[in-house]
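This structure is in structure tokens; I'll ask about it shortly.
Per-chain residue numbering starts at 1, and chain names A, B, C and D are given in the order in which the chains are listed.
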Amino acid sequence: MIPTMTVTKGSATDGQTAVISAQNVVKTFANGSVIAVDDANFQIKPGEFISLVGPSGCGKSTLLRMVAGLLERSSGQLAVHDRPVKGPDPSVSMMFQKPTLLDWRTAIENVLLPSEIAGRVTDSDRRKAMDLLELVGLKDFAFSFPAQLSGGMQQRVALARLLQTGADILLLDEPFGALDEFTRERLNVELMRIVSEVNATTLFVTHNIGEAIYLADRVFVMTPRPGRVAGIVEVPFERPRPPSIQQSPEFNALVSQVRHTFGENV
Amino acid sequence: MMDRLSVHLQSLFKHLIVFACVIALWEGAAAVGLVDVILLPPPHAIAGSIWDLYVENRTIYRHFTITFYEAFAGFLIGGAFGLALAVGSSLNDSFRRYVSPYAIVLNVTPGLALTPIVIAWFGFGYSSKIALGAIVCFFPIFVNTLIALSRTDGDTLEMFQSMGASKGQVFWKLRVPAALPMIFAGFKIAITTALVGAVVAEFSQATAGIGVLMQRLSFALDMSGAIAALLSMSLLGLILFTIIEIIDDRVVFWRRGSRMEAVSRRRLARWKTSAGSSSGKPIGRK
Amino acid sequence: MKHFLITSAISALVAVGPVAAQELTTINAVMPKQRSANYFPLIVGEALGYFEEEGLEVNLLPSDTPIPFVNFLRNGQADVAMLDPAEVLQALAAGVELNVIYEVMQTAPDGIAVSGNSDLTDVEQLRGQIVGLVSDRDRVTMQIALDARGMTEDDVTTVVVGEAGPTLAAAFRDQTVAAIAGSGPDWLAIQANGIPVSLITPAEVSNKPGNTFAVASGTLEEKGDLIEGYLRAWSKGMYVATIAPEVVARMAQDAVPEEWEDANFGQQYLNNAIRLNVSVTETLGGLNTGTWESIQPAMQKFGLITDMIAADKFLAPSPVEAANNFDRDEIAQEVQAWKDANM
Amino acid sequence: MNEIADLTIPAPKRSALNIIARHLAIFLALISAWEISCRLEWLDPLFFPYPSSILEGFWRLYITQGNIWSHLGLTMFAVIVGFTAGSVLGVGLAICVGMSDRLRRYLKPYVIVLEATPRIAIGPVIIAAFGFGWTSKTAIVMLVCFFAPFVNTLNGMISVDRDKVEMFRSMGASRIQTFSKLLLPSALPEISAGLRLAMASALGGALVAEFIASNAGLGVLITQYTGTLNMASAFVCVLTLSALGYFIFRGMEAVDRFIIFWADRDRIEAVGRKRLAAWHSRLGDRP
């Protein structure tokens, strides 16, 4: 019943050691009655952009939280940089659907939060935070408070905060889910530009198939009840990818392939 | 379900152990003479008095009901005033501007200082206790309701206005339901304050009530009886608190999962009976 | 605002903390009210330095608490307590060992009072009426008075009127209750305010001890001279009122200005207090042994005490003699000297 | 549990002077109504002194006799010390309890029982334990002031946004960091509401203590005056308490608006500009 891994070109097994590896990872809730993630197996190479797509309840957020060390797995092995995941790891940084900014801090002070948590804040941290705000196009709002920013701008501050940690593994849990189509498309373009500049490995959770394909090198298609990785779809496009690529026939072929992988297993 | 039960049993067990130790220590101290037995009677004496009050000569029930009646009536009247003034203030700014200073002054003036005047105005009977209860419990309800009514979420408000809802519709369909959780929080504070008000009035002038019983017992140097009366006051406070909690749970049902499901099932059933068989038909078919 | 708070706080501290000039031992006395013309022997004794002469300083502990004063005697917070007969007998019945050492208000027994212009003259007429109690503790007074006329509590409806001055005064003035059971000090302020009050306590029960000073047993052995000194200074203060009430008035005005904001109220209040406080017996504060035993049957009947208690078990006459041996003429000269200096 | 945000009203269109004038008008109307009904014997002179005699009372007690100052100082001393001790204990304990779920679940029943008990009934027991005078008065005020800060702080800490807590965990923040950078600031509005509630009951607590057993303080003065049917002076003391309570309450509201600036529209810009300036003075680079 569990499909074998569709081994496709460029998968992690050819040579480089995986930065994130999972073997038979299972996660159950309410002492076994609900299987959120069932037997996930994958290897992710450094610098890869992976998106996890599927309807709600397919375990994509649960999987992400396990990689972030926020949730313990019920069984199986899960390693980041070859170290088994035991709790939050400094080299892993996570972003949520809600901006979760602190209302009493200005944008720049929110971006500086991870440095504060990690230890003393140096002037270079401060310059880095200002550069990151410039990177996400919010330099002029560095000293505004969350209450003075729009939803999109708050997400971009959260994005800058995500990068402030200097972590090489970025986990994004539907970061743009609550935003309108236009803002989301603009943020996707910026995200790709930033990720390639920072050269980080990224796991991106979304329920939007188009967004998943546009951003990713590989798309993990996940199905619910129980949550499983139904299949992995390779995205061969070169980077950087212009937004117009989403109208190309190859792109639509990939969309139908994802839908097909998804349809096969319902 | 089983593990939740065992957790409860476990915590109950822990409570019992601590309780037993405290009782044992207290008895020991009394026996050894560390504690002046007349001033702080040992637990078994208190238990004895509780037995007398509740079972033997059953004196407590009359006083219990009287204080309960005084506190609850005080709460209802204080609550009514609090709600009315808060609604008035939330609807009209100048009303609020000129009412809130007097409400604050009433709140900061200790109820005890007002007792002689309240008793003078409302006489020796229960009405003066009810009045004092109402005065002290008015403020928490007034403030909570006022803030809850004025803190309605902006977007939903705009949505109502976009549908052309009148101020009254906005008030009843949006402001009041949204304010209910906080209003009930105010009720919970107010109910215990009303009890304090009633007891304060009883202490200075009353023929019956737990406050009077406690005074009478302590004057007859029956300190264990007085402490038993004090514990009955806490019991009364707890009962009043739970009454409000139960009503809160029923009225503000959308806060607790299981309550929500029960209500949705009931409304589904009602929908089916009233709307005949048409439920669940896709809209677009026609 | 800040400045004001600090200065008053400091001045308050100084006023409260008694500045011990020389080595004065503090004696804690718990009484129902704070310093007042009603306790003028204390005011006079302090003004003329009688307490200081005895090496004493009185720390008055006013308490209107449901906790009976007897407890403060037991846990040592108070050396002397002002108790009425009911409290004394109840404490003895509850097994507390006490000594009554001085009758401080011989003419202030509890009783039944009516408004001056009420036509009621005898408790008999109270049948079917409403009778007020100053506080729950006065229920026994009413029961005993009714019993003297063959009536019981059920023949009347009882209402607790409360000790707050205004409510009591209004009850008298408007006669919302036919009569009120209470004790001397309760009517003091009302009469002084011009509201007439007259007593209709049945003769058979009106003869009983008023308020007393009591100490826990054993205190006389440990602090005998301290207690005697206290009573002697108190008796001297009481005596001054018999020879120079106007001097007492002047001293009261200085010590308790709150009661003299309306001058003739203050004077009237003091006159009533003097009538209440000055002993009728030759020896000031003399213990009236007979009445201590004659009132017990009635108290027994209404459950205040279970069995009779022999008077000599708790009365301690010795301190009263010591309290009375002072030179009356010397007092007169000192009063005259004070008068010349201050009036 | 409940939030007493301030009761002030958005900036009125009418000028502030105009508002004060209206307030005064209403106040004077009330006072004259009181005076007239006294003169016409509608109000019983035993209980309701003439406002004019209360005014004289203020002059007498504060200026000519000046006997109110020491009593006032003493009561406020007990109120402030009791309030500070009670709320520090309340907030402190709530923080410890808030940080450990096990402790919170364990203490929950006791908190409810103690909160339901009318605490003034415990006053006499405290007097029996601490004796007379200053300590027991402060102890009663402390007891009365403990609850509101304790319950509000606890609620404030519990009702913090779950996602933010998870975000802090994902950054590997320690318990102390989570507490100081997230739990405490987000609980501040609730804490300050709790403190205001405590202050309102502090005055009542001090009065109860003074009524029961104390040889000095406003409560004693009030019993003395009511005992001698001098209601004018009694009202002076009561109104002093009310006025003090009112100004302290309003003062605390202002402090609340100052500390919790992010809830206040115009305060937020000012603070933003201040921090921008501070940033430049530190790093000195171009804006």
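Quick note on the criterion: a contact is a pair of C-beta atoms (placed from the backbone, for glycine too) under 8 Å apart; a residue touches a chain by one contact, two chains touch by 3 or more.
As the structure is a prediction and not an experimental result, all values here were calculated from the model.
The chains other than subunit A, kept where they are, remain one piece by touching. For the interfaces B-D and B-C, the C-beta contact count is higher for B-D. In terms of Cα centroid distance from the overall Cα mean, chain D ranks first. When each chain is reduced to the average of its Cα atoms, A sits farthest from subunit C.
The distance from the centre of subunit A to the centre of subunit C, with each centre set as the mean of the Cα atoms, comes to 84 Å.
Computed from the mean C-alpha positions, the centre of subunit B lies at a distance of 21 Å from the centre of subunit D. A separation of 42 Å divides the Cα centre of subunit B from that of subunit C. Centre-to-centre spacing of subunit C and subunit D amounts to 39 Å, using the average Cα coordinate of each chain.
Counting partner chains per residue, subunit C has residues 66-67, 71, 75, 164-166, 170 touching two or more of them. The set of subunit B residues touching two or more other chains comprises 39, 116, 120, 203, 214, 218.
The touch graph of these protein chains has some other shape, matching none of line, ring, star or complete. Two chains count as a pair here when they touch; such pairs are A-D, B-C, B-D, C-D. Those residues of subunit D that touch subunit C in the shared complex are 44, 46-47, 60, 65, 67, 69-74, 76-77, 123-125, 127-128, 131-134, 211-216, 220-221, 223-231, 233. Within the complex formed with subunit C, the subunit B residues making contact are 36, 38-39, 115-116, 119-120, 123-124, 203-207, 212, 214-216, 218-223, 226. Within the complex formed with subunit D, the residues of subunit B that make contact are 11, 14-15, 39, 93-94, 96-98, 100-101, 103-105, 107-114, 116-117, 120-121, 139-140, 143-144, 146-147, 151, 182, 185-186, 188-189, 192, 195-196, 199-200, 203, 211, 214, 218, 230, 233-234, 236-238, 240-241.
Within the complex formed with subunit B, the residues of subunit C that make contact are 66-68, 70-71, 74-75, 87, 90-91, 94-96, 132, 136-137, 158-167, 170, 176. Per the touch definition, subunit C reaches subunit D in the complex via residues 5, 7-13, 15-16, 28, 30, 33-36, 59-67, 71-72, 75, 77, 164-166, 169-170, 173, 189-190, 192-193, 257-259, 261-262, 265, 269.
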